[in-house]
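So, here's a batch of structures to check.
Next come two complexes built around subunit A: one with subunit B, the other with subunit C.
Presenting the complex of A and B:
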């Protein structure tokens, strides 16, 4: 018998692939936001490369928030979530798997798109690896926060969860941009990466537990 | 404390004491601070804004810790009163943070020459302001008050991570903002004539918070229990 985590992973990925909008929309959104900056600020190479870390990170944050409502809303409406809560499987793990799937669908494509963004914003080539590392850690944290926001605003508008989540995403934004900025200036950036990793290490258990609690609000 | 009518009756007495003592402490502290204490040798009289700025900064942070504690109790023991306390404390905390930011920028203009700098202490305080806004916003969108309390409790527990960052921001980063005025472990770096009024002001601000919190809590209780018989009796007696 296959474990239910595997079944859940397979099912959700299948649903996402059949409905291409779920993973393409954040991607296109990310690229459009990136395109807006050279159009609005002018195409000078020096200006753009100095702004690139911030621009890429802001676009990534907004794009990962875009698909947040898909994490639980669908399952809540069709009753899948109900059956998870009565299945006696640990809901904590369920939430973690859901977050992981959300990251696979939105975070991972963003990593690829960010390479294109680095190219068009003239980000120095040596700092691309730092950018990708920071984005891996940062977008996963954003998926965690997004799950909490989605659980708290279950059945309500997506903009509400964005307003809830955005203030909490500021530390990620600061750390992420610091990583890239340090890499551009040839400075040590592992410290910032470690802080981001630490945030994940605390965030995964703490936010998953609180998300379970938030989901239960809709089942009282 | 658990029974709303009992709390309501008891708190009307406490309100008088809290009100009187907060007025006395705060006016004493402010009079000593603004009237009696000597002017700073470098900043002159501008520094006197710390008698409002520092206590409200302390309040903005400690109210958030208080709210996170209430949230924790609310999530684990489902104590109704802790949810109401959380709801009642949020707008007060937000006002204090607004007060810190405004007094800080009024002080910053003559001393730093600018209303605002993107320094770690200032930015993290601004984030705290946004988190307060998110908590209050979330509460107002959920119809069922008890569910709203629990949702806000969850968010308050996550948000409390910002408090140590604000506290330590002056030590971790090179900032324009000066290090803490008060430390528990060492003697204050100011002269006694300056920090004694500040200490009194801090106590006064805590009393003001307790006073407004009790007022808010009483309103919250009346609103939530408005269908109960005792509320009708109380309202009937007053009008």
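Presenting the complex of A and C:
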């Protein structure tokens, strides 16, 4: 017997895999934004490495918003969301699975691309692990916020959800850049990572519940 | 004495099986101060069908969505029978809903579209192939994006057969279908009625299946 969560995960990953634009677009967008900086500013190692934390994080935040449309809107338009609501399964699980899939198709490729970004922006090798850890926590939080934005703008354009979500991503941006900047300056950064972890621990139940309410609101 | 006792038990069982799955009382819905429907009252009995008839925009789909809890009514109550033969004002059993949007994914094949639904979690591939051939779909590996509206509807109809549902809510089941598919739906409805399932369907005119009619 397969669980409903497993079927949902398999189905959405299969659809995302077949529509390669879903995961390739954020990846390409991220890499293009990153490569613009050395091209525009010139190959100045000191300047680029001091800008790197901010550049990587802003590019990652914007890139993770590109696939927000795929979280709920498609299911809403083709009637799949209706069948979720009448299936008597907890909507919370549906929302969490959707967030996890969004992270797998946008956040995970960004982690790989960030290693290229580290090379391009002359990020010291010692700070790469800090960057990856902060991106794991931060991109998952962005997927949660993306789901909330997508639920609030159900049936409307994706740009609206981006506008809703971006102001709430400021704490993630601040913490994420602080982690990389501290790692570059050989300072302790675990405190910032703990705050990001704490945000995620509160965010998973709180934002998922808010998203469920936002979805129900859109139905009324 | 024991014979009398078993008769009482049998009649009791029959009486219980005739309790309506769904009871609707004084249901009303308004849109922009205009009443879509008002004071609707009906029951859905096991193995019996209900046909909601009305012209375009009369509120048939809205009524189905209200019954399923996807929309809120402006007035009235909906009661669902649970396993203990009590009525609750929240839905207690899994229903099947087929709206105008058929929940068919373009990027999945016919077989995948049927396989990757909640109802199919306990069902093996062979049973799914049987469902596909029963509804007259030829190639299970064809992508849904290459299918016509009628063929996509057949995918949704194949899902009816995956699991037992007490009530099937089907929005305009006979639209965009040829005569063969229409006959297929009528046969399936009869078949599922005999197993105790009920159908609540909408349409512009009576479809010819045995059902109680409501005009809205």
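Please note the rule applied: the second predicted complex is superposed on the first by the 220 of 220 C-alpha atoms of A that agree within 3 Å, B and C clash if a C-alpha of one lies under 4 Å from a C-alpha of the other, contacts with A are read in each partner's own complex, and residues count from 1 in each chain.
The definition used in the following text is that a contact is a pair of C-beta atoms (placed from the backbone, for glycine too) under 8 Å apart; a residue touches a chain by one contact, two chains touch by 3 or more.
Note that the structure is a prediction, hence the values are computed from the model and not measured.
Of the two partner chains placed by superposition, only subunit B is touched by A:156; subunit C is not.
Touch counts on subunit A: comparing subunit C and subunit B, the chain ahead is C. In the superposition on chain A, A:214 makes contact with subunit B only, while subunit C stays out of contact range.
Once chain A of one complex is fitted onto chain A of the other, the partner contacts of A:82 are limited to subunit C, with no touch recorded for subunit B.
In the superposed model, A:171 lies in contact with subunit B only, and not with subunit C.
Of the two partner chains placed by superposition, only subunit C is touched by A:11; subunit B is not. Within subunit A, the residues touching subunit B in one complex and subunit C in the other are 220. On the subunit C side of its complex with subunit A, the touching residues are 65, 68-72, 91, 93-95, 97, 99-105, 107-108, 112, 116-118, 120-122. Across the complex, subunit B meets subunit A through its residues 75, 127, 130-131, 133-134, 137-138, 141, 147, 150-151, 154-155, 157-159, 162, 165.
Residues 148, 152-153, 156, 160, 163-164, 166-168, 170-171, 206-207, 210, 213-214, 217, 220 of subunit A touch subunit B in their complex. On subunit A, the positions that touch subunit C within their shared complex are 1-4, 7, 10-11, 14-15, 18-19, 77-80, 82-83, 85-89, 219-220.
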